[in-house]
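Think of it as A, B and C in the order they're written, each chain with its own count starting at 1.
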Amino acid sequence: MDAILLQILNGLDKGSAYALIALGLTLIFGTLGVVNFAHGALFMLGAFCAVSLQKLVAVSKITIDPSQVDFLGNPLKVKTPYVIEWFGPKIGNAIIDWNVPLAIIIAIPVMLLIGYVMERGLIKHFYKRPHADQILVTFGLAIVIQELVKANFGANPIPTPAPDQFVGSFNVGALIGLDASYPYWRLIYFAFSALIISSVFAFLRFTTFGMVVRAGMADRETVGLLGINIDRRFTIMFGIAAAVAGLAGVMYTPINSPNYHMGMDFLVLSFVVVVVGGMGSLPGAVSAGFLLGILESFASMNEVKGFFEMLYLPSIDQIIIYLVAIIVLLTRPRGLMGKAGVMEE
Amino acid sequence: MNTISKADMKTLFFVAIIALLAPFILNPFPTDSGLAQFNAGYPDLMQRFAIYGILAIGFNILFGLTGYLSFGHAAFLGVGSYSAVWMFKLLSMNIIPALILSVIVAGLFSLLIGFISLRRSGIYFSILTLAFAQMSFALAYSVLTPLTNGETGLQITLNDPRILAAENVSGNLPVTTLFGLEMRDTWAMQVGAWDFQFNIGYYICAIFLLLAFYLSIRIFRSPFGMMLRAVKTNQNRLNYTGINTRPYTLAAFVISGMYAGLAGGLMASMDPLAGAERMQWTASGEIVLMTILGGTGTLLGPVMGAGFIKYFENIFSKINDTVLHGWFSWMPDGLENIIVWVLHLFTGKGWHLTLGIMFMLIVIFLPGGLMEGMSRIGNWWKRRKGDDDAESKSTTTAAE
Amino acid sequence: MGILEVQNVNKSFGGLKALHNVNLDIEEGKIHAIIGPNGAGKSTLLNCFVGKLTPDTGTVMFDGHSLLGIKPYEINQLGVSRVFQTPEIFSELSVWENTLIPCFAKRDGSFTLNALSRVSDNKDMAEKAEKMLVDVDLINKKDMLASSMSRGDKRRLEMAMCLSQNPKLLLLDEPTAGMARADTESTIELLKSIQKKLKITMAIIEHDMGVVFSLAQKISVLAQGTVIVEDIPENIKGHPKVKEAYLGEAQVEGNMRDD
């Protein structure tokens, strides 16, 4: 039981990331009818918002302290980050320590803007082009973003730790009489994702804006005929989807150090999630995200791995998601919650 | 010979001449001149031109004719390479059995993947092939380590059984051959300041390229090819004509998978090793780019696209900061540094950035690729010439 | 006994009942028109014939085979061809290739990988295609790209493609919709001559009463998802139930023409 609980918990954080990316993909697909191959790059850009902030707050003023000498006998150069210089050690250190959560504040406007510019500047011109062109141009954009990040930040992963308070683990299992200790930050990531997902759903369900968007997803032309500027709203939805991916990226940095190719790695799996969940279904995307995340984590258990190793299939966790996708596709071609008529020529 | 039309025969002949004379054509600059770095007449690079040409021709049979955009073709390339290397390990260093196995295994593998992916079309299909390619990568990289030797890659060793080969007494790793002709054998011809290289391996690849090209002409002009183009333009009408499109698309998928397998096998035949990175999504993306860059759905386009990309990859990768500084040393220092800094992003290790930007530019401005570009220039030229003597004649060309 | 028999077909979308106990009998060799006001369920009914929709209850029998639950291409293989409201042709191919494709399609739908023969070497196919193009008067446009033709020509091409398959039943969904008067007239003439020459059974869904009354040998009037009258054209004109269906329009002939 303990092991099972632990695996479920372990699956939640990856599942959260899959769910958030898949949610954005589905939103864009549902509103604009475009599959965005650059969506993984948006996730990665979010993560690099956190990295940039970390670098920014670490920018230091160098002063020479004549009272101390280094091992060569020269006066010691002391580095003081400007944030400490300006806000005093207490607040300054807190800012440095809390840079990942603080990066959210930066990431939201940045990602909204990137999403907006991407849609208006590029995607907009591709609505009437064949699907293959839409895929190709977003794919090209993904490569460009990825390579620019690589040129700026290098190819190696950059550690971006969580605030000190959240380092360490918490025995979640104790709450229900079991033993399963789990890092704080992963719990926070899960809670954060749940919050974002429910806000997106609430936004779509309870606001007028969301209602119009949902109506537009169902029948774009009719909504357009009612005199509503549906394009504008769809552009905003693109921005929101970009922000969701970005936030997923920001908060993911303490779990896995970000690198330039993390976007594509997640994107391919998120596509699989979308396919399994059912193209065009938001609840499908979210539930398949968590489902596959948990499944992947179960497949990485030593017992499971050992069993598959006997079948000459070591590291089954690497491919389990694909295998499940194949089975789902063969038995339920529309995915778990797919609607009829979506993407069926 | 009435299997192909006269016009197609001309195209084939043109490709054959280029392929035959490639060691001259690609080596226009004297060996010790400053421009020698733009030469491309090395065996290794010419082999790549031919191999990627085969790959792109095969991909074009699927994407160009049916419009099904596969993002997983690198998987078949990889499978072909692994099969070939296994043949070198188990049987002998002769490339023929290796190539046969590559094509068969890639064909079976594409049958399996195609059978599942082709249940859906459009975007769905692209996503599925991408997912399968990533799965194949994971399989090769870790899951099937006993077969693929994981991240190290599969190589030949001295201890391999090679049951058909004579006992190796030299103590050196054996080399790939075609009934005794060594792939690495190169005959150099020196003419004045020029140094032309004729490599057996390259000519073997070129022969396969010509065969592949000839076969693709036949497919393009066949009723099967016409059906595939019909699939691209209107599946609904095909269904209401009593045709189930699945066997057609699956056949196209398998054929193009076999082309990729052949390319992979040839790659391993030139250099007997196979690694998982050959199967990554970036590799698949590169195949797509070659095809669209040259001109999707055209006969000659994919070969041109492959040559273009492989050539510039080679050139761009060689340009490092020192070279750049050398070029712009005549400028004022500040300006020189700025220009070098900007160009640095795109050259050397920045080749992929150039590739991505090229990808976008082609899709946005020239969806028909180089072939369309050439015909546009041709039309413009004709029109300009037409304008010159339009004074007297009525302008029929303007109506075009 | 008709070639197409529809019995007790019901179909509802959510709470909306689109078809209610529809019975229809299309006789072999006749032109049968299905008319009715907007929203009467004509398109829904047609979609039930071609496998696009499956009725909730009821049967659709064609020539002794049920058409329910089988794929569009299987329905076509039984001998049903369809002309669409907006012509469905291979717009990126030439007119010539458009006609060749149904010639190459095997009647039983079997797949042959004839990847090595040349299209131009198949003389018998070429003859068949040429004859079809002559029939619809498009032979001088055979090298044109299909997408660059006028709507009327596209419709003729689509008809040629359907006819080259020798269908037993030809379904026509508003064959003259959106056409200029001259195109409409020529389409009517074309359909008449086809009927005379080939004796193909046709089911036509049509808005334009002029077309209906100059073509149909039998008419079914659909209103609110059910067949209210089925009779020969002379009896349909002025039938009280039909008048009522068209919102109590007193002068059926006059008003229906403008529809």
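For the reader, a short list of remarks on this structure follows.
Here, contacts are C-beta pairs under 8 Å (C-beta built on N, C-alpha and C of every residue); 3 or more make two chains touch, one makes a residue touch a chain.
Note that the structure is a prediction, hence the values are computed from the model and not measured.
Because contacts link the chains only in sequence, without closing, their graph is best described as a line.
Distance from each chain's C-alpha mean to the overall C-alpha mean is smallest for B. Averaging C-alpha coordinates per chain places the centre of subunit A 51 Å away from that of subunit C. Taking each chain's centre as the mean of its C-alpha atoms, subunit A lies 34 Å from subunit B. Note on chain placement: the centre of subunit B and the centre of subunit C lie 47 Å apart, centres being C-alpha means. Counting partner chains per residue, subunit C shows two or more touched chains at no residue at all.
With touch defined as above, subunit A holds no residue shared between interfaces to two or more other chains. Within subunit B, residues 236 each touch two or more of the remaining chains. Taken in their complex, subunit A has these residues touching subunit B: 35, 125, 129-133, 135-137, 139-144, 146-148, 151, 264, 268, 271-272, 274-275, 279, 312-316, 318-319, 322, 325-326, 329-330, 333, 343-345. Those residues of subunit C that touch subunit B in the complex are listed here as 50, 71-74, 76-77, 81-82, 88-93, 97, 100-102, 104-107, 109, 111, 113-120, 122, 161, 165.
Every residue of subunit B that touches subunit A in the complex is listed here, in rising order: 63, 67, 69, 71, 116, 119-124, 126-128, 130-132, 134-135, 138-139, 141-146, 235-236, 281-282, 285, 288, 292, 345, 350, 352-353, 355-357, 359-360, 363-364, 367.
Chain contact summary for the complex, subunit B toward subunit C: residues 3-5, 218-219, 221-227, 229-230, 232-234, 236-244, 247-248, 251, 255.
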